[in-house]
Structures are given as structure tokens and as C-alpha cells.
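Presented sequentially are two complexes of chain A, the first with chain B as partner and the second with chain C.
Our next item is the complex of A and B:
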């Protein structure tokens, strides 16, 4: 399964970005291979529609889950219809490595 | 001449200043139109009553994509600069976000499959009323729940046209509805209150107007409330202070009862006329 995580930086030490549509980076984490891909968010400066454009990006990567701090009102229904689960984390200090670790621990 | 009355912070007295300016301009024998462009909460009609002569419905077209005809090429999405279309080629899914659609028609041109049509969506109304022979009131009123009131404001501006004096009661804030209202203005009156909130939002409005290269001046309402920081700030930035209106229970009472201060108090009639003349002088410079 692929998971998208919003990140403030392009390393696993970076903390999660609490915004979805305008985050700095998207991390695409593959739970099967353990591989991570950091993608700079091309929509972070979008005048309008950063959320939907970011849905386009993560959905086209084939993710089944998105982890962020906050999702805007325009994107929730679309994620629902695509059967992509949204996970909201309240602690903005969590690092990408910690989030990935949590998922690996849950699986084993 | 077009004068917009705006503010960063809401509730500082835009409509108070706009309606009183309108009143003194009418009394001075001017041909004047007051356009209420605060389309999300128009309230000029609470103070000034005219005879309605026209009511227009404002609507826009929205793109509708037929998933049966769609070939999921993604062209319409690539052409949409407003990010209103999501197209997932692999999953064969397509979405239009109605709130983001600006009725530009680019997707209709982009689509080679004939999958896109349009439907109409109502956005609000523009009402025109007359008070006597030389005075017109135009009101932009967006429907509840409409994402952007800008098309309604633009329709009201078109309806108001180019009278010899046009007063524009602007919406609060500095986002698109504010920009749409001040865009045609020759001068912008920023109404603020001497509080930290008022000053913070005034600074944002000033920054925006400087980028738009609009001449402007400031009216401080409820003078005596809060602190004096706004005055030092105006001096430092070399921004003209056009008028100070004191924090006065009687003024508040008059306004809360939908009455016009300038119509009841000769000294304020003089002060608002003086404000109008001051603006005109600044415009001529």
C-alpha cells in the first residue's frame, strides 16, 4: 500500500507539514517495499485550488491513505469518492521517520 | 469621479461614512450614485430607501463533464488555471469543483471528445433604485453560500456605470471582492478605528492599495477609543488623515437606528462635505 504524508522538508528528519494542499513536500511511502519518494509540492503557491491540485498529485500516485494535519473542505468529498483514507495527526512536531515507524510497527 | 470607501477590519464604519458622504453630495446638488459592493452583507438599503427600477439576476456558467463521453486525456485539467478540474487518467475519474470554476470556457475549447457542456448557476442580484432625479442606489447582493461574490460586484459596477460621482461601499478585508471594488476607483477612503486590530488591518489594506497604485487617505472612526498608535503610524507613513470621528454614544445611537448623522447634525453635514471636498482636491493632484 502507498501512503502520502505531508512534510515540511525533503528528509525523513523533517516534521510533518500540518497543511495538506499547501505543504512543502509530499512523501510517498510504499509499505511493501519500504521505499520513500519526496516530491516538492508544485501547488504550494497556487492562487486558488491548491487542495484539489494536490489531490490530483497524490491520487495519481495511487495512494490509499493520506496523512496530514488538516484537510480543506473542497477535498474531503473527492478523497471519499476515490476511497482514499484521510488520517489527521494533531502533533505537528512528529517527524516523517516517526510516522513511517509507527506504520511499520502497526503492521508487524 | 469614483470614490471607494473601504477598510481592512470589518465594522469600522465604511457604510457609515459612505451613506453620509452620499447624503451631503446629494444635498450639494451632485449627480451621485452609491453602489453597495459589500455583496455578502449589503446594508446601505437600511439607511437609504429608493424606488426600485431594476433588478437583475447575476449568474455564471459552470463546466459539466459527461463521464460517458470523457476520454480521460487530462487536457481540460491542464488548461484550467484555477485547478477546478481533477482528472485521474488511470482510475478513469474526473471531477469539476464548482466553486473554483470561473466560467472562462478554456475546458470547452480543450476538450476534443465533446464531453463538456455548461450549466447556469445563480450567484446573486443587482438592484437599482432611484431617489429623486439625480441620485441612484445600486446594490450587489450575493446569494447565501456563493463561493465568490466578485461576479456580482462586477455586475453592480457595470450597472452603476460612470456617473459624475460614484461612491463605492466596499466589502471588508483585502481579498478579491475588495480588489474588484477598488479597481475602478480614483480614490480610496480607508476607514479604521484606533485599536491594534484596526491598525493591523489598515496596514494590510495600505500595502494592497500601494501595490494597486491607488491614491488613498484615512478616516479614523471612534477616535478616543483604544490607543493613539494609528496617528503616529499615519504620520510616519505620510498618509493623509482625512477626518476624525469621535467615539460618541449619540453617533452610535443614530447609526444603530438607521438614521443619517449628517441629516440631523449640521456640524457633521459640514464635516462630511468638507471630507468630500478634501478627497476631490487630493484627486486633482
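Our next item is the complex of A and C:
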């Protein structure tokens, strides 16, 4: 299962980015292989429509869940129709490694 | 053309596609009665969850008068189906579906539930079942 996480940097020590549409990086984590992929966000500076464009990006990677701090109103409806689950973490200092660890702990 | 309808909010679509009457009556009219998704939701909120019209109208994000009209139409259609022995199908309506949001008490994360086919609700991060439903506006 693939999971997308919004990140402030391209290392596992980076903290989660609390915005979805204009985050710095997307992290795609595969629970089966354990692989992580860091993708810089091309929609960061977009004038308008950063949210829906970011939805297309993570959906094209085949993710089932997206973890971030907040989602704009335009993206919630699109994710609903794509049946992708959204998870909101309120603590902005959570690192990518901590989030990935929660999934590895699930497997055991 | 009449004024376009405001989209009604429906939390979950019905689990079934409709109903068929028992007992064959070859002479009777068997064209199905179409119940819209917003009419189904009106019946669910008022007759199943026993909310009053004001609370249910807030849930569906329409005015109380509009909700009463939707509910009355739903009741009329159900009564017609029972009396005339016609099947019911759930189809159509000016609706948008909006999944519910839940809060996990263990890891303090919010998540939604887009796949209605899976009934059990567990936290996607810590797999705990200690989740409470919460309003979308609280975060």
C-alpha cells in the first residue's frame, strides 16, 4: 500500500509540511517494499489550483492514504471521489521517520 | 427553466440499490419508483436517527423548509410503493457525498472514511479502535 506524506525537506528527518497543496516535498512510502521516494512539489509557486494539481500528482502515484496538516476545501471533494483516505496530524514537528515508523510498527 | 437546486449533502449513500416487492401480480404496474439520494438521506435522518427537521436540515445543509419538502416527497413515494406494490430504486438527486471525519484518541490524528464498504473504523496510523466521530468544522 502506498502512502503520501507532505514534507518540508527531502530527508527522513524533515518535519511534515502542514499544508498539502503548496508543500515543499511529497514523500511516497510503500509499506510493502519499505521504499521511500521524495518528490519536490512543482505546484508550490502556482498562482491558483495548487491543490487539485497536487491531488493529480499523488493520485498518479497510486497512493491510498495522504498524511498532512491541513487540506483545502477544493481537494477534499476530489479525494473523496477517488476514495483516497486523508489523515490530518496536528503536531507540526512530527518527522517523516516517525510517521513511517507507525506503519512499520503495524506490520509487527 | 426552474431555479437550479442547491446541492444537498449526503453523508453515506445507501448500502442497497433498492427494494422489490414479494408476491407476483402479473396485472399490476411494476415500473420502479425512483427515490433520490437526498430523499433517502431525509428518511434516514428523521425516521431512523429520529432527529427533528431543524437538526436534519443542518446536517444536509439545506433550509428547514426545503428539508420538509424533501422528506414529504420521500414519504409520499414510499407510501405509493407500498400501496401500489411497485419496487423502489435509489438513484439520482442533486447531492454531493461527504465522508465523515473521525478523531483517534491515541495518536491524536484526524482521518476520514471515504470507502463506505468497509464498516469498521480503526485509526490508519496506530490501528486503535478508540475513535470518535467529530464535526468537520472543528479542525
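Everything below uses one rule, namely that the second predicted complex is superposed on the first by the 108 of 108 C-alpha atoms of A that agree within 3 Å, B and C clash if a C-alpha of one lies under 4 Å from a C-alpha of the other, contacts with A are read in each partner's own complex, and residues count from 1 in each chain.
Here is the rule we go by: a residue touches a chain if its C-beta (ideal position, glycine included) is under 8 Å from a C-beta of that chain, and two chains touch if they have at least 3 such contacts.
These numbers come from a predicted model, not from an experiment.
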Following the overlay on chain A, give me a clash-or-fit verdict for chain B and chain C.
fit
In the overlaid three-chain picture, which partner chain does A:11 touch, first (chain B) or second (chain C), both, or neither?
neither
Residues of chain A touched, compared between chain B and chain C (which is higher):
C
In the overlaid three-chain picture, which partner chain does A:79 touch, first (chain B) or second (chain C), both, or neither?
second
Which holds for A:43: it touches chain B only (first), chain C only (second), both, or neither?
first
A:65 in the overlay: touching chain B, chain C, both, or neither? Say first, second, both or neither.
second
I'd like to know which partner A:102 touches here: chain B for first, chain C for second, both or neither.
second
Contacts for A:88 in the overlay, against chain B (first) and chain C (second): which applies, first, second, both or neither?
second
Across all Cα pairs of chain B and chain C, what is the smallest distance in the superposition, given in whole Å?
11
So chain A touches chain B in one structure and chain C in the other; where do those two contact lists coincide?
82
Note which residues of chain A are touching chain C in the complex, please.
65, 67, 70, 76-77, 79-80, 82-91, 99, 102-103, 105-106
Quick check: in the complex, which residue numbers of chain C touch chain A?
96-99, 107-115, 124-127, 139
Sites on chain A touched by chain B in the complex:
43, 46, 48-50, 52-53, 55-56, 59-60, 62, 74, 78, 81-82
Chain B residues touching chain A in their complex are 77, 82-84, 86-91, 93, 95, 97, 99-100
